[in-house]
Amino acid sequence: MHVLAVVAHPDDAEIFCGGTLAKHAARGDDVTIAYMTRGEFGGFDTTEAELAATREEEARNAAAVLGADVTFLDFQDGRIVYTLENRLKLVDCIREHAPDIILTHFADDMHPDHRETSRLVTDAYYMVSLPLLEREHPPCDPTNVYYFGKPTSSFEPTVIVDVTDHEETKEQAALEHESQVAWLEEHGGIDAEFSDFVESMRATAHALGRQAGATYAEGFTRLHDTSVDYLE
Amino acid sequence: MHVLAVVAHPDDAEIFCGGTLAKHAARGDDVTIAYMTRGEFGGFDTTEAELAATREEEARNAAAVLGADVTFLDFQDGRIVYTLENRLKLVDCIREHAPDIILTHFADDMHPDHRETSRLVTDAYYMVSLPLLEREHPPCDPTNVYYFGKPTSSFEPTVIVDVTDHEETKEQAALEHESQVAWLEEHGGIDAEFSDFVESMRATAHALGRQAGATYAEGFTRLHDTSVDYLE
Amino acid sequence: MHVLAVVAHPDDAEIFCGGTLAKHAARGDDVTIAYMTRGEFGGFDTTEAELAATREEEARNAAAVLGADVTFLDFQDGRIVYTLENRLKLVDCIREHAPDIILTHFADDMHPDHRETSRLVTDAYYMVSLPLLEREHPPCDPTNVYYFGKPTSSFEPTVIVDVTDHEETKEQAALEHESQVAWLEEHGGIDAEFSDFVESMRATAHALGRQAGATYAEGFTRLHDTSVDYLE
Amino acid sequence: MHVLAVVAHPDDAEIFCGGTLAKHAARGDDVTIAYMTRGEFGGFDTTEAELAATREEEARNAAAVLGADVTFLDFQDGRIVYTLENRLKLVDCIREHAPDIILTHFADDMHPDHRETSRLVTDAYYMVSLPLLEREHPPCDPTNVYYFGKPTSSFEPTVIVDVTDHEETKEQAALEHESQVAWLEEHGGIDAEFSDFVESMRATAHALGRQAGATYAEGFTRLHDTSVDYLE
Amino acid sequence: MHVLAVVAHPDDAEIFCGGTLAKHAARGDDVTIAYMTRGEFGGFDTTEAELAATREEEARNAAAVLGADVTFLDFQDGRIVYTLENRLKLVDCIREHAPDIILTHFADDMHPDHRETSRLVTDAYYMVSLPLLEREHPPCDPTNVYYFGKPTSSFEPTVIVDVTDHEETKEQAALEHESQVAWLEEHGGIDAEFSDFVESMRATAHALGRQAGATYAEGFTRLHDTSVDYLE
Amino acid sequence: MHVLAVVAHPDDAEIFCGGTLAKHAARGDDVTIAYMTRGEFGGFDTTEAELAATREEEARNAAAVLGADVTFLDFQDGRIVYTLENRLKLVDCIREHAPDIILTHFADDMHPDHRETSRLVTDAYYMVSLPLLEREHPPCDPTNVYYFGKPTSSFEPTVIVDVTDHEETKEQAALEHESQVAWLEEHGGIDAEFSDFVESMRATAHALGRQAGATYAEGFTRLHDTSVDYLE
């Protein structure tokens, strides 16, 4: 099984689906994380180029902890926009990896980069299987798209994955994003919830897990409903 | 695995979860249908006693087609009410069968008997495992309650079961309710949707199935969320 | 009364509102179907140009069965995007036909072409009556926009139209889309629900009809609420 | 056409559906208001008996202004409870008047009397047509139940009735409840919205009317969906 | 300011609103916790009477840590039912303490005792200010009722209270419920989320706090909306 | 405190948040209204340029009544579109005024200009604090964005502001929009609710106020939840 996670920024993979990706990898699935940007806008006393280099390396290290391959799609942090051309870039990315399933941000995420990533991925998904759309890679046919986000009133997970055995790996991966931790501690501001990165991740995973009889869990919605093999 | 379905009236089992019960039975699970009433209020030119006898027999025949055992809880059709005493009757029923899972009506069903059944079952569920509640049968510990209903804006199934291979069995079981078919054809009135019983059942199962990539499906919500073994 | 339906692809008219259009035509209303695209992307072993020609003819035949006129807006299948220029194309289309009401896709439809069509039509609707917007055709003033879609948790119809007397016409019209039936049977994939095109349409119409005391029905939401002449 | 409104307290008819009842009466329909209680708990420096007498007379006068007949069901103000016996009282009331449609409170109204009235009426509705339920009056078969309430996030009207031509009649009827106006001015407390009774009614009707192109409107939900004759 | 919290079981105060009560007490408000039951049904190898005595003492100790007074309403654990008589018991409790605000369970809580407590309190609230309802204590007029519950899709807090400075006190209070911790560890079953009592409480408070810029928070809905002094 | 309201058209400030802005100004806050357009498309027998001049003057007069400064952002009425460039225009506007809070349209408003304004403001908000985004003005850090709209099922205010003492000022400000009143009376059409401009505003404010114990109120949602100082 091949899993492709498309995330807007380097640390989004750990924050939203790191346990799930680690679980996939641990059971032998191929896992690829596609980073839309290198998160190069979230810093100070530096340049975008320097920050991009730093965060790319952190992303590579974090992905290695999770057991995932990486690819960078070269969009600009904070400036992802929806165009037909960008949608075709996502078509190329999906076709190249020909995943069984895709994980990405949910569409109503308030963060503009998350939202546009979600729309680009979803709309690309409707194109990747079309034979008449000729691109570098041949058509492929992923079975579903799973969406992640912060559990709030606008994101209510319906698919809950037990990541208890992978919470530690996820937290180790998250700690690779050193530059971001420093940035958040000094700058903070926009997202108060990052003030204690790892503790917040753990609390979120535990609060969700409680709903499903697990110690730690991550939650998703999905594009297509699917029937269950049996009453779960 | 033992499955207990608690339904208000004889034909509710087929209408709401007949395919799922047949699927359970077909794979070797023990299935019991507990009928709150014999549906003895839904007739004319007859008496409640006569109708009760007729419909009990139909229920037994229909359950046999599905592969299920039956039990009758002797509530009065159209007059099920919520009391502590009635709730203890449900405790006794659940403890007697000690099921792994329970299926029943969803709580916001507009039909009073359906609604009260749902409340009695759910509230009994919170009592059945208590050691200090001493009754005839010892405590038991079902893992979950699944709720069924007509898919409408007030009932949105989140657990969808593919019953394609059991749709025919379900329809055959439904046809055992001869007295009800006649009653609905002549009386109808309240529930226009029963005018063509089996065709309506099939259309509902197909319309729901389409959402989940199945030809025919039945839908449920559940009391407790559960994590999925893997992204379904 | 003049009714304008704006649909993304040739078979969308039949799938979502074919019975309603047939009912309008049958009572003497003028009905026009505006096709955003010719559905020329949904094929294989062919070219877009060939497929466009085939499907345009099928669309004309299907519309003739319903009793509707057609117009083609020449957008590209699978690639409809929201721009101010495209919005003005819809302004021109609406002004040309000066309809009393407009029918189109609902805005949260997951299919990108459906969603963008919905946004273009709705936003054009806010422009068509403005005298200061000078275009080829004079301003017009449709009273409302009605939205259709697959009844799911994200599309809950509030206006239900009884199409029992027109279900057969609708199904005949749907069968004109021969090329699409073949494509769906061999390719399928994306939308499993099309595996049996006409049976699915009928089941959906029946499942919805049951909610409103009709054998077959189609459902809509609307842009503006309207008061009812009397309690329906 | 016969319309039966079942309200918990004397002034509820004017507050929630006075314009609609006046409209029915004005076009020649038979209108009956059944008062569950005489509102005899909402006073001070008086007794329940005295207040009941005063408010019954006010209710009669107000109903006369609307053009409605009245009946009193003799429940106790503030103490309406759901029992099978009380439900049968409502069965008797509905069968006696054999209405085409019934209007009553919506089920999630926070006021206990409103909520219990709603449940009693709805559940009685499921019983009134049953031949085997033998009571003083023969079975009847109303087509639908319409629910009213204060438009809030928990009550979202889907059926909007233009009462512009009857707003004045409704306000005149409301002014008949002199004792209540005095009580609300001095006591208030619980329901701040009654501080200026008639102005609040008018503002509510106007705010709702704006949504549907009317100057004044009242809103309802309904038990059964119905298809519309044509797109309203 | 006087705050009255009405909870079904001894540990519910800490679980749902312990930080808020501690915050009230710390700033000098009078805080009273009314326990509907002593939680005497949740044990084994004991009797209800013994367990009641143990848990009452634990409740007293926990309340002392929070800085709250206690009262016991003598309902039976697991068997709270809605009756007019029980509602009047709540009227007496509320009038005796004459609180400014009341805190209690939210109405859609799946636990039967929580749900019935919520209904009894809310419905009593509508009675406490009525002069014609003569009881031992005179009428009182609390300004609002606040509801608490586990944050899930059925309980979405709209009023969020920062309890960061009181989280430690709350956890200390929770640890007073020694008998319950043991029961949950050995029995568990029904509510998996209690497996690690205090860690779960902290995770829930942190996950909610993140949404509102606080380290730890508790959430409520309220019966009446209120305007804010200024945009918070 | 500095408040920045970004509105699509000159009269939107009064319609949606005029009382709140007047309340801010009255207590000494700096208030600035940024008009995306001059509403120059909403007229007849005139030119866009003439109408822009007229409405700009009306906007200046209305803002003066409220006690607010104004700025015009020079977008085209009826043609606001989302682009990265336009988003940066909003970044510049927000940075120039460095507000504590921002007020703007809610994102699901059906009016295209309102919706695009909402998206541009929200997405700019995520950029204004970034040090690496170098523009004419330095980074700033507003604490929150508040959204306004017509209270309907798609806009449910959660933050309610009592504007009773400022309703008169708001109405006086609204009356400055003379050209618009005339336009709406003769043209109307699109928005029937404007037929009596000021009475509709007052009814809306009163109907909302009733929910929160105020005579007149305005309602908002917000981007970030915030904890309350105390239970409001």
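By written order: A, B, C, D, E and F. Residues from 1 in each chain.
To be clear about the criterion, a contact is a pair of C-beta atoms (placed from the backbone, for glycine too) under 8 Å apart; a residue touches a chain by one contact, two chains touch by 3 or more.
These are the chains along with the protein names UniProt gives them: A, B, C, D, E, F = PIG-L family deacetylase.
As the structure is a computational prediction, the values presented were derived from the model and not from experiment.
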Shared interface partners, meaning chains that touch subunit B (PIG-L family deacetylase) and subunit E (PIG-L family deacetylase): A, D
Set of chains whose contacts include both subunit D (PIG-L family deacetylase) and subunit A (PIG-L family deacetylase): B, C, E, F
Equivalent interface positions on subunit A (PIG-L family deacetylase) and subunit F (PIG-L family deacetylase), same or different at half: different
Chain of greatest Cα-centre distance to subunit E (PIG-L family deacetylase): C
Averaged-CA centre spacing for the pair subunit B (PIG-L family deacetylase) and subunit A (PIG-L family deacetylase), given as whole angstrom: 41
Centroid spacing, where centroids are CA-atom means, of subunit B (PIG-L family deacetylase) and subunit D (PIG-L family deacetylase) in whole angstrom: 35
Numbers and ranges of subunit F (PIG-L family deacetylase) residues touching at least 2 other chains: 192, 211, 213-214
Chains grouped in pairs wherever the two touch, ordered by label: A-B, A-C, A-E, A-F, B-C, B-D, B-E, C-D, C-F, D-E, D-F, E-F
Contact set on subunit D (PIG-L family deacetylase) toward subunit F (PIG-L family deacetylase) in their complex: 150-153, 156, 192-193, 195-196, 199-200, 202-204, 206-208, 210-211, 213, 215
Subunit B (PIG-L family deacetylase) - residues contacting subunit A (PIG-L family deacetylase), complex: 20, 101, 144, 146, 158-162, 209, 211-214, 217, 220, 222, 224-232
Residue ranges of subunit E (PIG-L family deacetylase) touching subunit D (PIG-L family deacetylase) (in the complex, touch as defined): 83-84, 122-123, 126-127, 129-133, 141, 223
Of subunit D (PIG-L family deacetylase), residues touching subunit E (PIG-L family deacetylase) in the complex: 40-48, 51, 78-79, 81, 110-112, 187, 189-190
